[in-house]
Amino acid sequence: MLESLLALGGLVLLRDSVEWEGRSLLKVLIKKSALRGEQVHVLGCEVSEEEFREGFDPEINSRVVYHDFFRDPLNWSKTGEAFPAGPLAALRAVCRRTAPGPATIALDSLSWLLLHLPCTTLCQTLHTLSPQGSCPGASTPAEQVHVLGLLHEELHGPGPVGALSSLAQAEVTLGGTAGQASAHVLHRRPQQRPTNKVDPMAHLTFNLHLSEKEREARDSLTLPFQFSSEKQQALLHRRPGPASSHIFSEPDAYDDLDQEDPDDDLDI
Amino acid sequence: MMAFEQNPKDWYSILGADPSANVSDLKQKYQRLILMYHPDKQSADVPAGSAEECIRKFIEVDQAWKILGNEETKKEYDLQRREEDKYNIYSPLLFKYFLAEGTISGHMLLIASAKEDPANILQPTDVFELLTSSSLTPGYAALLQFIRNIIYEEGFDGSNPQKKQKNILRLGIQNLGSPLWGDDICCTEDCDNSHGLTKFLYVLRGLLRTSLSVCVITMPTHLIQNKAVIARVTHLADTVIGLESFIGSERETNPLYKDYHGLIHIRQIPRLNNLICDESDVKDLAFKLKRKLFTIEVRELLCFSLQSRGK
Amino acid sequence: MFPELNNLLNTSPDRAEQGKLTLLCAAETDGSFLVHHFLSFYLKANCKVCFVALIQSFSHYNIVGQKLGVSLTAARERGQLVFLEGLKSSVDVFFQAQEKTHPLHFLREANAGNLQPLYEFVQEALKPVDSGAAAWRCPVLLVDDLSVLLSLGVGAVAVLDFVHYCRATVCSELKVPRAAGSQPGPQGPGHAQAYVHHQSHLVLRAEGLATGFCKDVHGQLRILWRASQPTAQRGRSLTFQYKIQDKSVTFFAKGMSPAIL
């Protein structure tokens, strides 16, 4: 499932909530991209760089470039270290600066950007990264740029969420019941109906997936009470007993011997 | 046609409908009653007196439908019922009791009202000093400045010597939040100055905390359009009490409440200087006003009562 | 501090955790006992505490603190506690023009702007002092409570930025604070509270009982640990009921109140 998310370019929207956080899934996707040799640019607004890089091997860490918007996003410390032009300019700079070759841009988080930027500006900037939106002379063909955006669903009204959703090539909604996490994946392919896949086994600690051999073995199993063709033959070829069966009945005092069908006077 | 009535009629009970009924229900009831009381439909041999009665009822029903059938007039009537009945009868009474208690204890009183002359609320006498703010232009900033000046000049915050030792300043502010104070939270849901009232309450609380004063405020919360404002106001106050009068509501005729005129809802009690608050077990308080005796009871048990003397 | 709550949270004053944001919220009930707990906890843990008290006066916290075994006056005198008293300062801010921007400058202004002055006050208060005096342990910021800021006209985004900065800069430069912001339940704009939820590592939520008022059980406390690492334990949540007494709070499992058993 995760492979299919990274197969095409464009925006992958990760929708999480307070109960089911999505940063870990974002990091898993970043790991996969890095292991494929892609460079990953992270626009980090919500956690510190140390916290974000926790859990990454040195090899992966070397491919991850962290643009720190956590420490001083609004330039309050006046040290000049921050990005003076604001997050939008930084985002655009990141988009333009990607070296030739496939790359991944991770936005942690889109919610923070939505709170500080107008929705229209954000949508337009994201659109320039999509396969439909990129300009012909871009250094990197947009099919090779993956954008992963983390969005905290409950923070925004249906309008902005819907707008971002319509820009996304794929959407993963994290949820779950009673302690078990699940991921609901929605793929949007151009001119095709969106396909839905719920993968309740996304984050399990044990394996519920079946290999091909296991699947074949399972399919060929006959259940004991299943009415299979063998059983059918067995029944049809029963030894011929009495040709017809008899019903013996003796009417008692309460029986109604009226032979008329009582349903006849139903007017349907 | 009809003589002008001093007491406004309860059009809902004339139609036999609940105030929460919708227009189609009201219309059904109207049509049923109008047929019942129509002069032409009455049988010929009824006694004269009851024929007149029928005609009177017929006219009443017709009148009721004229008011309740039209959306605009219905809205106006609904508003009018709530405002006068719910808060303008009982909350001024409690307001006066708070001030009267102060006069008995020899405290200084400061009364602020944008609606009526404070001198009408309580007559100043030689026994206590009364400061009024009826001359203030409406506006919270002006009121705050006035209060602060009094606190400073009369020494309630320790900056000047007090005229009377260990005196307490009792502040009474009426109808806070009404448009007469220049606040539009009762007029519109999305008001410009939506934080004027909360800022006023916050600074007022700061003044009270740093001086020997206490304040009782009455507020027409049923008129405030934006319910979030009520929640904020509740959070910024120490004690919050809701008064629910039965007049005009269906509880007026409910036999369960026949001995009472309304309910008292204790919405918030302060936890000051303590982890716990003195929360009583009883949450079911009702009040009644008979002659000059205002009684608060736990349904059948008598709790305590306040008796008014004079005005 | 309440020893039972320490056990539930698996902490103690000598093992105070660092670098975490704790959110205290309350719905349909009063959650101020949590603020008193954390205030006394960190003072006992020998941490430097900056307390932005917007909803009650200094004397209130001091009197309750004495019941819990800490003296705020003494802590303030020895420099362990920096106390910003909102109610008292509001009078000064409102009536007198200030030379430089006061942390609560938004009370005077029609358009509240951002909370940068308040943040700078906090930063100044928690700066490590090099004078060689007794070094305190990790700096701690306590805010009581954030919803007052929203009620007074400060925008939700401004409040979120303030929390962000407190968590970020005071955290990484001074390396260690823990911030506890408390706000009563759904009154504040839902978005602001939800966003702070997302930023928090630990959420304590005091709720009224669904069945209504009860003399022996004052409410229910939900503790939610939010994990941000895939390998760490997923968000763990526990629920307890509690009863507040004069000097302490007792906790028990749901339905196991001593009064009922």
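Quick notes on this one:
For clarity, chains are labelled A, B and C in written order, and residue numbers in each chain start from 1.
Convention: a contact is a pair of C-beta atoms (placed from the backbone, for glycine too) under 8 Å apart; a residue touches a chain by one contact, two chains touch by 3 or more.
If you're wondering where the values come from, they're calculated on a predicted model, not measured in any experiment.
If you sketch which chains touch which, the chains link end to end in a single open path, with no loop closing it. With centres taken as mean CA coordinates, the chain nearest to the overall protein centre is C. Averaged C-alpha coordinates put the centre of chain A at 37 Å from the centre of chain C. Averaged Cα coordinates give chain A a centre that lies 55 Å from the centre of chain B. Those residues of chain C whose C-beta lies close enough to touch chain A in the complex are 114, 116, 119-120, 157, 160-161, 164-165, 168-169, 171-172, 190-191, 194-195, 197-199, 226-231, 234-235. Interface residues of chain A, counted against chain C in their complex, comprise 18-21, 23-24, 27-28, 46-48, 51, 54-55, 70-74, 76-77, 111, 115-116, 152, 154-156, 179, 181. By the touch criterion given at the top, residues 30, 32-33, 36, 56-57, 59-60, 63-64, 67, 86-91, 94-95, 107, 147-148, 150-153, 184, 187, 213, 215, 244-247, 249 of chain C touch chain B in their complex. Chain contact summary for the complex, chain B toward chain C: residues 144-145, 148, 194-195, 198-199, 202-203, 205-207, 209-210, 228, 231-232, 235-236, 271-277, 279, 281, 283.
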